[in-house]
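The two complexes that follow have chain A in common; it is paired with chain B in the first and with chain C in the second.
Let's look at the complex of A and B:
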């Protein structure tokens, strides 16, 4: 894992301005993506997972959003400073994205194959006919039965799982280096979900693509990811290898998440929950945003937000509890 | 598809009968009658009676209606009392000008309103958006008769750039067709401005709101994520969807367009259906009033059908079988 990262996000700040205040949707987010790995991003709704990934694609509507700072280094280019032309070359070609809602993510008035072929034709100099043949080939690769016939269908005649397969075909058509999957299975039922996840894992290996996988489903994360990044209120709170994170969560928020996860042994009892509510992003608490809900909260947590610091070579955490212990050990 | 069209056409028959029945009733309720105009005040009571009898005015209402409908079914709408010609021929003489005005105005409205609506939606809350929204509000709310008179006063009276009335210059009757075409276009500028701008204003508003809705859809984001240029995203992916309600609107705007044309014709004294129908009402020319309204209701019913058919071509999710 000590290779050169293919994507580096450094101190990304994406804010939203509205009449009711400023929302720091992604606040000082830093992470790397390595070749052929799957990075999972978990967190509750509104924690900034999607905003972070939309920022990588530069898909945030500005206004109301605004990129307030940071760098996103990909292929030697800082995407935040890249020209429109450079961004167009990256989007859908080197980094592509699939979305949460397969039902509404395909254009209802164009045929399935044409929508895939379009993505190919933007980035490759091939004829419409070749692009269409390629599109049919892709439909076959994502496990759509009878791709020739489905190619001529409109999205409305396909089920949610099929549409998500079409989205995956479209996203992978240009063999991107990074695939961002924004809760791709949330809207699907569990059996279809398993099939789509299996498909993504297989294609990832075939295409040697890195995947950024956003979800709030810890089970899915465990199954898909190599490394996991936990976000809370716009900030990264913990970043670790998947096994480390699941066997020994360290940030109090991650610990809370793991405890509230039902497993096979869970019986009729109530689930353990993290006390309190997700803070309003307009009015974040001072210091660490998690301190009002944190069972380990100390004085410093109320005053100063902790930085994300290395705990070991593979692990980063933003929590005063860990640093104080570390500090004491060093003394 | 074919059975659908046939079924829809069949459904139009009772609707059409209903419209004509209401129209007939309204005319019955109006005071006076067609023979009133033909009567000499010095006529004796018997002579008046005789005249009324000749035009069938004394028959009971239902008999008049049935006989009119029976003739109409055969294509005979009676004779226009003032023109001394069959109603069908009178309409034929004047309908061309009305359609010319209506169609040119519709095209002007579409070619101005739709692009402005798209730009205004893509730049929501910008100066351009506010400017065009105010323009369209004025366009929608300004009454045609007032706007028309204003234009006449400024561009025909104060600045004699355009003719005050009519559609052709009688002095050019024997000129080349191209000269006559230019002359006609010259006469049409002001009327088309009045009618076209009203149309543009409403198309702009509909396009704007339709585009605003579509632009927020997930598939527009997908199109952007593919790496498509903004222009392609807006004009291909977004507009192709935003167009669907506008096409429906187009079909339903045809009747309004024609009644707008009637109004505009009256202001600019253009020889069209508007002018003769206003005259017909003034002169209690019942056969002509009925004939024109019958034609307008057929046009309205057909445009509703056309709107539905266009809807199916624009949206693959709609199928009639």
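Let's look at the complex of A and C:
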């Protein structure tokens, strides 16, 4: 069996309250992250992938958001119940995060090295000079040419790829156990994306860090992840080992997603599409949120939302189709 | 190109098109240098075909799309639409041409006026060009096109904020197509959409192209989308068209090292391909188009670059019929083994 997970998310519920209704952004989300693995989270906009990770970091603004339940166990601590001091200890130190748009995450008025040094000094008792030296060292590690010079630069003078490297340097400066990467390469060009992805894979091995990698890009997920979790409308619909998921997707949504993305082999006149639109989170359909778009929808799908259940040792799925068939086999 | 073989009508011919943006600064705002957004680009599109343009940010693909429609003045070169040089047309003629040439933008949020209902957004152009006599005729045309684009007639009186991203892009498509254009520039039209919506819009664009006999210039950074929708493909790098050819030539037998690198860097979830693929990771950043590298613009990142590449700019060579490459390796001036 697998080792002990370093992060366990159990039944996480993060809701948002507004005048137009309650948005269940993350609804009963459960998963584990194991040491040194990369867990990919994939889904379309509004599926709750970012909210899930922001909840792990306790970065949700409350109000309008509210944690309505669940546990996030890390290092024996339930982050949901942790004190502010405990969270400060974890956030940015043991679990750190990088975001999609590096320009908005870097402070425009401070030099690059000072920003990295600040992150180090918050969590370690070292002098400013040592922290700065460490920062330059980190810049070198993330493949920035001429790190000493770049250390004195301001973020605006760097390219998008370089900024993302700075973000990675900052995130890894405290040698976190988990790195959460929220669409880290979405804003980058393909050739630069390839550089950053390779860098992240190399550093992950060096630092023995677990990574939670969020993206909407199925190709990036396939190349980066060991296991993949597919989310739809705030819920986990499928979770499996990466190759298993992509060679044999089982949830109708996963199947639809993969078919609707043309790849280098797609032929024919038309793409296969998932009908309809991504539902509005404050007016979710009854039962399984995917049923109005699902080609296999049955009566039960309209009435009752399926739970995420084990299909095999390496796959979990939330779909009535699978369990109906299983039920029939047992009879 | 010979006249005897013109069974297929060339709808758009771009001839040595150049677009430089001046950078002004200092005292009296003198021109200090230029952004070379589009540099000596030539191609043709036949009626009913789709030319895909791929390239990374700053390669000039958007500027190319805009200049081809004369939405921005050119610096040099010619653009012929049905044998008429669009830069030589007077105001009246240009206005007539405009109904035949349309553009669909990337962001369906900022390209629709939030204060107008959909029927006015779409119908405005009809009225502007005097293509309808009265309001009821306008409504008929609008409802006809929005139904074709997958929206419902009762949605015609709603405002843009009442629609989702995918639906808004349908409105943008309806607006472009209501004038019965012949040529449409699609500038990253599906890039801002979620995967499941993206495929719906791609199918819609293809359907419309077949029904209405449209010709597209399809600009995108997404190689798999371009491969799916295009007949010919052009690859741009720092303002230059570095490779151009039939879709299969570009995707199966790319000749420019940049095209090869782009193809190998495109993420895929096809595990059979992932295992066999040789990944080329380019070094360094994309240089600035203000000060492009000397010689071949790609030489600073090219794994095969030799001395000649930094001195002499490669010519546009036809390596096989319809397949053009700008690379010293293609012209045989240097060999890959020399590396």
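Methods note: the second predicted complex is superposed on the first by the 326 of 331 C-alpha atoms of A that agree within 3 Å, B and C clash if a C-alpha of one lies under 4 Å from a C-alpha of the other, contacts with A are read in each partner's own complex, and residues count from 1 in each chain.
The definition used in the following text is that contacts are C-beta pairs under 8 Å (C-beta built on N, C-alpha and C of every residue); 3 or more make two chains touch, one makes a residue touch a chain.
Remember, predicted model here, so these are calculated numbers, not experimental data.
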{"item": "Chain A as common anchor, with chain B and chain C clashing or fitting", "value": "fit"}
{"item": "Following superposition on chain A: angle at chain A, chain B versus chain C, Cα, nearest 10°", "value": "80"}
{"item": "Chain B versus chain C as contact partner of A:3, first or second or both or neither", "value": "neither"}
{"item": "Partner chain(s) touched by A:122 [first = chain B, second = chain C, both, neither]", "value": "first"}
{"item": "First (chain B), second (chain C), both or neither touched by A:101", "value": "first"}
{"item": "Touched partner set for A:277, first chain B, second chain C, both or neither", "value": "second"}
{"item": "Broader residue contact with chain A after superposition on the shared chain, chain B or chain C", "value": "C"}
{"item": "Contacts of A:19 with chain B and chain C, given as first, second, both or neither", "value": "neither"}
{"item": "Closest approach of chain C to chain B (Cα atoms, Å)", "value": "9"}
{"item": "Intersection of the chain A residues that touch chain B with those that touch chain C", "value": "none"}
{"item": "Partner chain B, residues of chain A touching it in the complex", "value": "57, 59, 88-93, 96-97, 99, 101, 104-110, 118-119, 122-123, 154, 156, 167, 170"}
{"item": "In the complex with chain A, residue positions of chain B that touch it", "value": "217-219, 221-229, 237, 240-241, 244, 314-317"}
{"item": "In the complex, chain A residues that touch chain C", "value": "44-45, 159, 161-162, 189-195, 197-198, 216-223, 243, 246-247, 256-258, 260-266, 269-274, 277-278, 293"}
{"item": "Interface residues, chain C side, partner chain A - complex", "value": "56-57, 164, 166-167, 194-200, 202-203, 206, 221, 223-225, 227-228, 251, 261-271, 273-274, 279, 281-282, 285-286, 301"}
